[in-house]
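Here come two complexes built around subunit A, the first alongside subunit B, the second alongside subunit C.
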Partner chain A sequence: MGYFQNIKDTITTIFEGMAITASHFVRKPYTVQYPDRIDIRIQDTLPFRYRGLLDVDLEICTGCLACERACPIDCIVIDADKNKKTKEMVLKRFDIDLAKCMYCGLCSEPCPTGSIHHTPEFEGADYSLESLVRRYVKAPIPAYKPIKGPETDPEVAPILSRGLKYLDEFATPGDSK
Partner chain B sequence: MRKFADSLLNGGIFDGMPIELGYVLVVAFFAFVLLNFIMLVAGVTSWLERRVWGRIQSRIGPNRVGPQGTIQWLADGLKNIMKEDIIPEEADAPLFKIAPYLAMMGFFATFAVIPFGDGLVVADLDVGLLYITAVTALVVVGVLMAGWASNNKWALLGGIRSAAQIISYEIPAGLGVITVVLFTGSLSMQSIIRAQGWEPWNWFMFDNPFLFVAFFLFFVSALAEGNRTPFDLPEAESELVAGAFTEYSGLRNLLFFLVEWGNLYVIGALCATMFLGGWQIPPVTENPFLLGLLQFITFFAKSYFIVFVAMWIRGTLPRVRVDQLMTLCWKYLTPIAFVNLLGAMIWFIVFPHGFLPMRIAMVLIGGGIFLYFLSRVMFHLRRAKPEMHLSPLA
Partner chain C sequence: MSTTSIEIGLERETPAGLETEEMTLNMGPQHPSTHGVLRFVVKADGEIMRRAIPDIGYLHRSIEKISEKVGYHGFMPYTDRVDYVSAMQCNQGWAIACESLAGIEVPRRGEYCRVIACEFGRIASHLISVGATAMDIGAFTPFTHALREREKINDILEELCGARLTFNYMRIGGCAWDIPPGFIKRATAFLDAFEPLIDEYNELISFNKIYTERMGNVAPVSAELAIAWNLVGPNLRGSGVKYDVRKDEPYSVYPEFDFDVPVGEGKMGEVGDCWDRYMVRMDEMKESCKILRQALGGLPEGPVVAKVARTFKPPVGEAYVRVEGSRGDMGWFVVSDGTAFPVRTHIRTGSYSAMAIVEVLSQGLMIADLIAVIASLDIVAPEVDR
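This part shows the complex of A and B:
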């Protein structure tokens, strides 16, 4: 009876398969029509910990060079000198070569203030390699000096709290939302 | 068409011209019109097919070129025309060049007898169905020639598969056709349609259980003959790159695709002619122009519904293996077709003028199957609880 059973199976299974695909005709497509036909930018839908292009908040960079040492492919170059008179750290150069960066996140883990961090931006395409080198320090500026207790400078405080929040979530991935 | 040509020659625009030249001009004119019609149909089909698959796979499909991507096919065609026409060094150049035109001829010739309306047919041959069965086999010559001339093992395998497949499936397809011919007593496309009516119970599909089975036998065999999924073994991309068309590029490749999508429409037109009542419409108007238009629309809608089902099947079923393909043809379709033909003969002897209660019952059974199908669709929708998007646009 295998012969007729085969015919019956063929007809019933194709019938059922056609019913399933027919039900897909009225389902909503999952396609996200990146980049132009979307309601909100994709970057805004990405999680806080998304490892996109690197960015630096120079206001809270202490110039400790932890990120430069952590980077396994040396895409971060920092020149920081101690000012002899005021004993302050001065940042002379802070370059990140995004063409080299492999988005491992090792630089943002040791950062004490969360200054260097990944952003949800990912559209880094450019026409030349040189323009992918982000030079954050235009002229020498003093590095951030941590103080005891909460930050009092109203301009720096929100940046610092954001950086510390980032650091918290980055260091303890299990607790993040 | 003959009448139309005569009217043009006697008193029409070709009056006074040598009669042979006049006929050649008329034939050339019809060929031109039909070729453009086919290009349009095949092009739109290629776009629609991608949209249909898209929705089946929860995607959208091409929707950028023109409104809803409707002229995507034009962009694809232009791209292919502008591409370089590469002929491999080791290929048999003359055969390689001529192969797509042979395949094209094989399917284009069928359009000569496809009846779009009461008088809307290029040539109502007395042996119309036989003619179609004969000229569609010319496609296999083109595909086999393409496979051989490419001097490429994948192409050759694809060509040979195509030949084996088309020749095997001619038999169940032919038996399905014969079942219809049994009831009309004529091979002419127009008389087959005239033997049916506009009501569904006067269609041959619902005439009796044997013709109902014959419809599915013919449809499956025609899909296989047209190298459609699930029988697209000649160009199985997972095994043979692109089968017989591997070495083709540019316009010649485009012609093979034109044949594929054009053949799809031929399958639809044949099913509509033989089983779905063709251009038959209720007697609503006396105006011959309006009547012709309505008939054309009816025929086109019926044949395009079959094309849609073929797309739907392509989005549903996986490709069969070569041995499964042959098993299906020789162990299942051919014996069933013979038994079916025998049953149809007995039915014809018992009820030579048809049997109305059976027709009504067949229509009801068909409606019942359709309702059960809808209930299954609703079952799957209820179980998955998806976000709905009823509009075909996106």
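This part shows the complex of A and C:
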């Protein structure tokens, strides 16, 4: 192992590495320009379990507060009261602070109807922190009351079936697909 | 290590009439080659370091204290942040600690899913490590190659659990979700493509003469020193000590898999030098591929999660479990008083001891070699502080 052996080793190993680098000139490129160089929206290419921004379907929210309890950082605030006369739950407030949310998915798991769910949307940039607080309840509305058998209300039925499908695919632990 | 030993070999003859003094340099906290927010106070004599004193605490987030406020289930997403480069093993450590508190048995399919997720995480973490080592030494191309492969692993894990970095995949009692349709096919296809790329990567940088000269014989850690300073994981194995929690204190279903524990052999100099620590990680990726193939091939049927109450209240007691994280032996200690919140949680991580040994290793090294030492020890800053 002499002086010249060192020089020879250096040159050969450098050229071995350079050959690999050079071979990438003829390989397929791995990167894609974001966001305008692919045919479909990037959100549509994401896997179905992707945990993006949270969304709530108030039509099927039962006001059970399971998501509020599950959230480790209290980014969900729900006010739900029982109407004394009609004995049904009334949602007065449903806020999600997306600035706090860490997209852990613990809230969408206990939801009985799939009302609170993750969407594939991820572009949530905004100019102020307040606008990141999503306020879903504009005026107090009665909470959804699950009925036995299939849902009959034609307006709620598609939303509920979407919610239950979401639960099937995403939130039910141990569901084999 | 006494201070007298620092002086040995560092005294220089100064010409008469010239006065020299020790220089104190700050390396970090925002330095491109200190992965994360690390700070070293370097006492240097010219270009030779007398010592580099690690200064920790810049990323302290009180994660252990948070566990006392959010409960057992709610702490799972926080464990992702302990070591965000390989979050799966942290998930697993917390899950196993809680399960051993309450005596929950995980279904076999759940254990297999955990192993699959963890080994993918280990490969991704080691890719970051070896890529960043090469980048710190000055070779940028290998870093892009490593990150390219890591992106593919991120895609696979995203499909499995919906997130690319902070997975929150495991639950107390198993895993959150079963493997999705077509996952095994895509994962196997990735492994088929990835294994030849390890050899290509080795050819690209590992045996490059310039690289081996920079890494070989630099800061060797003998087996005794490594054990004395409590090094764990690839850093310990790089010193030639064959210790792996997966083999020596088996947990989960690891005893069912056939894999080797690579150790440093001193091919490019002394046993336990930077190159050995680096090479152990390259070899471990191959072993992880081996485990993954066995796990994907022999996936049993059944549920992935055991029935656990939403308000998880383990009986009074304490548990200490160890898992082999990407940076070595990770200890999870949890004390329960029977309520829904742990009384005390402690996490023991590999980066912390790796950070401590830098002070000893740096004595008498060149400043430029400190970069190689930090990179080869694979210190992840948030894991140091928690």
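As a convention for this text, the second predicted complex is superposed on the first by the 147 of 177 C-alpha atoms of A that agree within 3 Å, B and C clash if a C-alpha of one lies under 4 Å from a C-alpha of the other, contacts with A are read in each partner's own complex, and residues count from 1 in each chain.
We adopt the following convention: a contact is a pair of C-beta atoms (placed from the backbone, for glycine too) under 8 Å apart; a residue touches a chain by one contact, two chains touch by 3 or more.
Fair warning: this is a prediction, and the values are worked out from it, not measured in the lab.
Engineer: Taking the superposition on A as described, I'd like to know which of subunit B and subunit C A:Ile40 touches: first, second, both or neither.
Structural biologist: neither
Engineer: Report for A:Glu16: first if it touches subunit B alone, second if subunit C alone, otherwise both or neither.
Structural biologist: In the superposition, A:Glu16 contacts both subunit B and subunit C.
Engineer: Scan A:Ala139 for contacts with subunit B and subunit C and give back first, second, both or neither.
Structural biologist: neither
Engineer: With the two structures laid over each other on chain A, which partner does A:Arg49 touch: subunit B (first), subunit C (second), both, or neither?
Structural biologist: second
Engineer: Given the touch rule stated above, what does A:Ala125 touch, subunit B (first), subunit C (second), both, or neither?
Structural biologist: After superposing on A, A:Ala125 lies clear of both subunit B and subunit C.
Engineer: Which partner, subunit B or subunit C, touches the larger number of subunit A residues?
Structural biologist: The partner with more contacted residues on subunit A is C.
Engineer: Of the two partner chains, subunit B (first) and subunit C (second), which one does A:Asn6 touch, if any: first, second, both, or neither?
Structural biologist: After superposition on chain A, A:Asn6 lies in contact with both partners, subunit B and subunit C.
Engineer: Of the two partner chains, subunit B (first) and subunit C (second), which one does A:Cys104 touch, if any: first, second, both, or neither?
Structural biologist: In the superposition, A:Cys104 touches subunit C alone.
Engineer: Can A:Tyr30 be said to touch subunit B (first), subunit C (second), both, or neither?
Structural biologist: Both: A:Tyr30 reaches subunit B and subunit C.
Engineer: Could you list which residues of subunit A make contact with subunit B in one structure and with subunit C in the other?
Structural biologist: 6, 14, 16-17, 20-21, 30
Engineer: What residues on subunit A touch subunit B, complex-wise?
Structural biologist: 3, 6-7, 14-31, 33
Engineer: Can you list the subunit A residues touching subunit C in their complex?
Structural biologist: Subunit A residues touching subunit C: 6, 9-10, 13-14, 16-17, 20-21, 30, 46-51, 70-73, 102-106, 109-110, 118, 170, 173-177.
Engineer: Which residues of subunit B touch subunit A in their complex?
Structural biologist: Those residues of subunit B that touch subunit A are 54-60, 312-313, 315-317, 331-332, 336, 373, 376-381, 384, 386-390, 394.
Engineer: Which residues of subunit C touch subunit A in their complex?
Structural biologist: Going through subunit C, the ones touching subunit A are 70-71, 73-78, 107, 110, 141, 148, 151, 158-163, 166, 168, 171, 174-178, 180-181, 200, 203-205, 207-210, 303-305, 310.
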